[in-house]
């Protein structure tokens, strides 16, 4: 579904990604793990067009998307739920969600989609009128995810959804992610919570210092020594 | 002896009681964990202690003295240092200068520049950032930025250190290192209060845990007591408690 | 090779500074009188710009109060150096102008320095207009004197006073930057909240710096008034003087303490050239140059110089 | 200070010839080509300088005996961008660097106030143009090189105007003035002069210079029902106040406004037909009917500008400036400022105004004698500016009678 | 009607009339600064251009000033749109951070101020110019107002409300608002940031232009008249809360009212009053009336 080939990305003169390759199959949960600063968010930003790679290619459903601006990439069906929630803090929950459906492809159906999102996160319906800024961390994360789903994505990219959440919410968030896959949405997930992630994902890549260090099916990776030592502390 | 004490500490934001009538104390030399669901008021409580916010009503005492009316820099100078949930480093300054600012202005503001530099280097050494002393702080990884905040706080020579989610966003290895760091800080004789959602760390490091919910203190006790408390499980930990691992 | 380059560079800067200083001090001897006057007005801009950068550059608070402090200095001269009545020595009046400005800065700063970002900028901007309106009201209704004359002072005296202030403001900036106080200011500029929590009395640092910067602006205004000879509130509180230092600082680049000086000098010189050589198209070309500089010299003239310097010295290294 | 530093040894330039060679007389001026005062500069002295250049050079220039020939004039004009500091510096540049032969005035009362001491310091004769003030007169004794040409409140217009109003039986006056030197002075002198002739000043309101909305002020003035309504302000206030008076139907018997109403553009600003402002008074010195010389002068200006946008107050008083310079230079045979200064201070000139001289302040500067004025007060009548009031001296030429009360504004 | 009520009407309606034009000017700047992050020092110059165009269209071509709204507004919109699209987009993408962009874009608008003034100087000359339109009195409950003032009030409020509705209700409006809060995230939602920012700058300029069209009926024009309106607009958007369109609107009305009330008391203090009330207000509510 998504194919990333030999991507190199720079911040100014500093190279953040080196020849990164990544393949995601339709309908799976792919995970991306790696230490802080490994370049995970950079890779996601490169995919969603926030930054452009200096070389390499990205294809989505057979179409080249590297070099397209973010808004065109959203139109194609990729939704990026950024690190740190990034809500429109002075807009209501409902308006935030509606913004998720901004792309012209789905704007007309936003009412229907909204109902679906409310089903997934019932608490958001109760809070529809509240300003995003005043929500608790967990609720904000739900708004962020709901907003990402409003564009009816084929591929949903989620960056560290459990960061800073209370343990109870972390469990809930992972449950929601699983249920998304059941609805047929392909997912690319970044998490520091490696065990939990590998448990729900099908396929994972390990990014170290901007390079892919390891990749494979999650069951195998869970057995790998490197993973167990570096990321699970066993 | 109670190094820190709060009586009826309360803070409203508009109609919302972010912290509501909380009594608490911290014993000299212990590590206290502060946990609770998102939005429970933990960070707000830190802000009240460090005088970023003023409690209304309520009193906070440090070593028996009322410090409610002091300014943030005065709080620091009497020996309370803190870190921030979202890192607030001086991104365009080199690492060493970040820490130097701490040692220059902390509890002993009259320090000579050689002493201050020595102090700063020592703090960097302590958190393991000596090699990066000349790097602009903004170029550090998140884990290192968090360490830098700790070093900067330590350079002020505090007796009480408030750590706000030191481990959020860190991976397993880094969490383990951070736990080690907290223990070493305690061993230096610094009292620590830490906010954390990473249960493993809380359970391992803390002597005592305070739980907030909707701005109120709902539980307090040893890690074992908290881990098994029904209320805490219900509002915070959830059924599976492996979340932080 | 590295070491020689290092010592070369180390001695180059103070050496160059000394040469420039000597050139300036002896200017009245070898330069024409008009050159002295032109340099005086360049120094005036440089003083304002460096004082502005002293506060705003490091703390990150964009002050648009320059015209207010400058104007207070101008007015001090109008009050204490009138053509008739008691005339104080010029230097005393310069001191009074500086002190009056820094007093106002202390008051205003204590009140407003908790405003951040654009709010502070606009507050200070409004301050200029407010002081002007109050000045007009005062002159209209209380003193019944709209328009005051200031004694004429010899151009060389004005020049040396301006130069003296310039040297002082440069030295002050230099030493503050290297001191603990400068570290505190930079910390505030980076993150004020964190700065306060590591023991920096942010209010005090900001207010004091604000007052110091205002002192130099006021002193500059006080001596500048003797060039204007005629002062009323519209003349003294010209909002353009709030923007000029900002423009000049950005124009020159704020990377180090020479950038603003270079900016002020080039900017003032450019303005003078356009106004006299091409008065008909002065404004439009000035506008286009501004836009072009912003587009193509994002780090100011200093950035350009540094880039060229790097290329030259980098080229040298490649050969050895 | 000396000359430029000696350049590095290079082929020596040709030595300066000893005999004075001069190809032209350079007249320097720092003018507001841009900025807030540009409109005034553009309407008043600006076009006249062009006219002078054409006229004088058409004659081959001014004969200067010390050079033994006629020298054409040449203007060197800098833009001070309406900033006093810049104006002062550029004035010094003109004097010191460009060494101009003649210095022309900057624009605006505060600018002239600042320029006069500078010109005086370098011993340059300065005959001022746009601007004049009581405070200027007070400083003239210390400014021997300064000659003020534009009239100002207490010496010239307001005594005349107050007498005119009193003669018509006006009882009350209402004053709006702008919060600057001009407004304050005229407002203050207005109070005194009206009091002198027994007219009660019921209000004297000062407005900020950038004020834009005048309904309330005009309403209040209307409610006070004064016989005389004065607006001592600039065009940005004079025009909207007039508009508001029309809209609200405020028709006091006497209305005087300025500077603003004395310009050609005033008449055409209300629908294009100057007949609309019938009866509005202002300060004005001469019009085409004053004398054949003025008829020629105004016609030439109109041709230059393209339409009759004359300044009936200032132009007639600035027009003699060039005549005075020419006469003084040709009579003394030199460009030496001291000699010329003394000549101007002690002689009468035959100018467009007729016999013209400066009233001197001891050893100080001079003020154009009011006895030379051909008029002080003008009034819009049938779309032209008529001179309706002046002092009781021979030079005065009234072109029409003052219409009192002013006819009502036409209803739209 | 009793005298006192007429006076109150005079002051109140007069204040609103003045305020409505302030509001329009401020809303334009609020869009430009609140969303596009350009503190447009040349804002007043767009007012001046709008006013001059109307003068020419009306006095030379004979086009009704109200029709000019429909001509001048779109033209200035396109100019603003293009400026943002070309120049500011380049500045924005090359700026290292937000603060740097705000600084450099402000500086650029300073340059524009000079350029636009000069173009106007060449096109229309330095003279003062004015015309009149609908300049006759209308009686409202005993208080008389000139008709053009009432027309200005009507159109300003109409434009303001229409614009607010556009922002609050339409997809594009929502895109603009979201871009105001976080441009990168908005782009992840599918908002074409460069396009939206250009729209904002264009709309802001058009509103200034239309304010110029309307206000030209009542003022004296010259190429250098702009800055005073920029200053007022800046004060209002801070008063109302940065980026808040209703705040700018209400802030404008309030400032107009205050000005009129103080004019009633002592006109020489009317402008000082703006600043006087601004200072304590901003100290008490540093984020403005509508700021959050």
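Should a chain be cited, it is by its letter among A, B, C, D and E, assigned in written order, with residues numbered from 1 in that chain.
Just so we're on the same page, a residue touches a chain if its C-beta (ideal position, glycine included) is under 8 Å from a C-beta of that chain, and two chains touch if they have at least 3 such contacts.
All values derive from a computational prediction rather than experimental measurement.
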Joint neighbours of chain D and chain C, given as chain labels: E
From chain C, the most remote chain by mean C-alpha position: A
Distance between chain centroids, defined by C-alpha means - chain A, chain D (Å): 74
Inter-chain centre distance, chain C versus chain E - centres from mean C-alpha coordinates, in Å: 32
Centre-to-centre distance between chain E and chain A (centres being mean Cα positions), rounded to whole Å: 41
Distance from chain C to chain B - Cα centre to Cα centre, in angstrom: 42
Two or more partner chains touched - positions in chain E: 117-118, 121, 268, 271-272
All pairs of touching chains, each written as two labels joined by a dash: A-B, A-E, B-C, C-D, C-E, D-E
Chain A - residues contacting chain E, complex: 48-50, 69-71, 74-75, 79-80, 82, 86-91, 95, 98-100, 102-104, 107, 133, 147, 151
Chain C-facing residues of chain B, complex: 50, 52, 71-73, 75-77, 81-82, 84, 88-93, 97, 100-102, 104-107, 109, 113, 116, 152-153, 155-156
List of chain B residues in touch with chain A within their complex: 16, 36-39, 85, 141-143, 165, 168-174, 176, 197, 199, 235-245
Of chain D, residues touching chain E in the complex: 33-36, 38-39, 41-43, 82, 179, 205-208, 210-213, 215-217, 219-220, 235-240, 243-244, 246-249, 260, 263, 265, 269-272, 309, 411-412
Residues of chain E that touch chain D when the two form their complex: 10-11, 14, 17-18, 59, 117-118, 121, 125-132, 135-137, 144-149, 215, 218-220, 222-225, 228, 259-260, 263-264, 267-268, 270-272
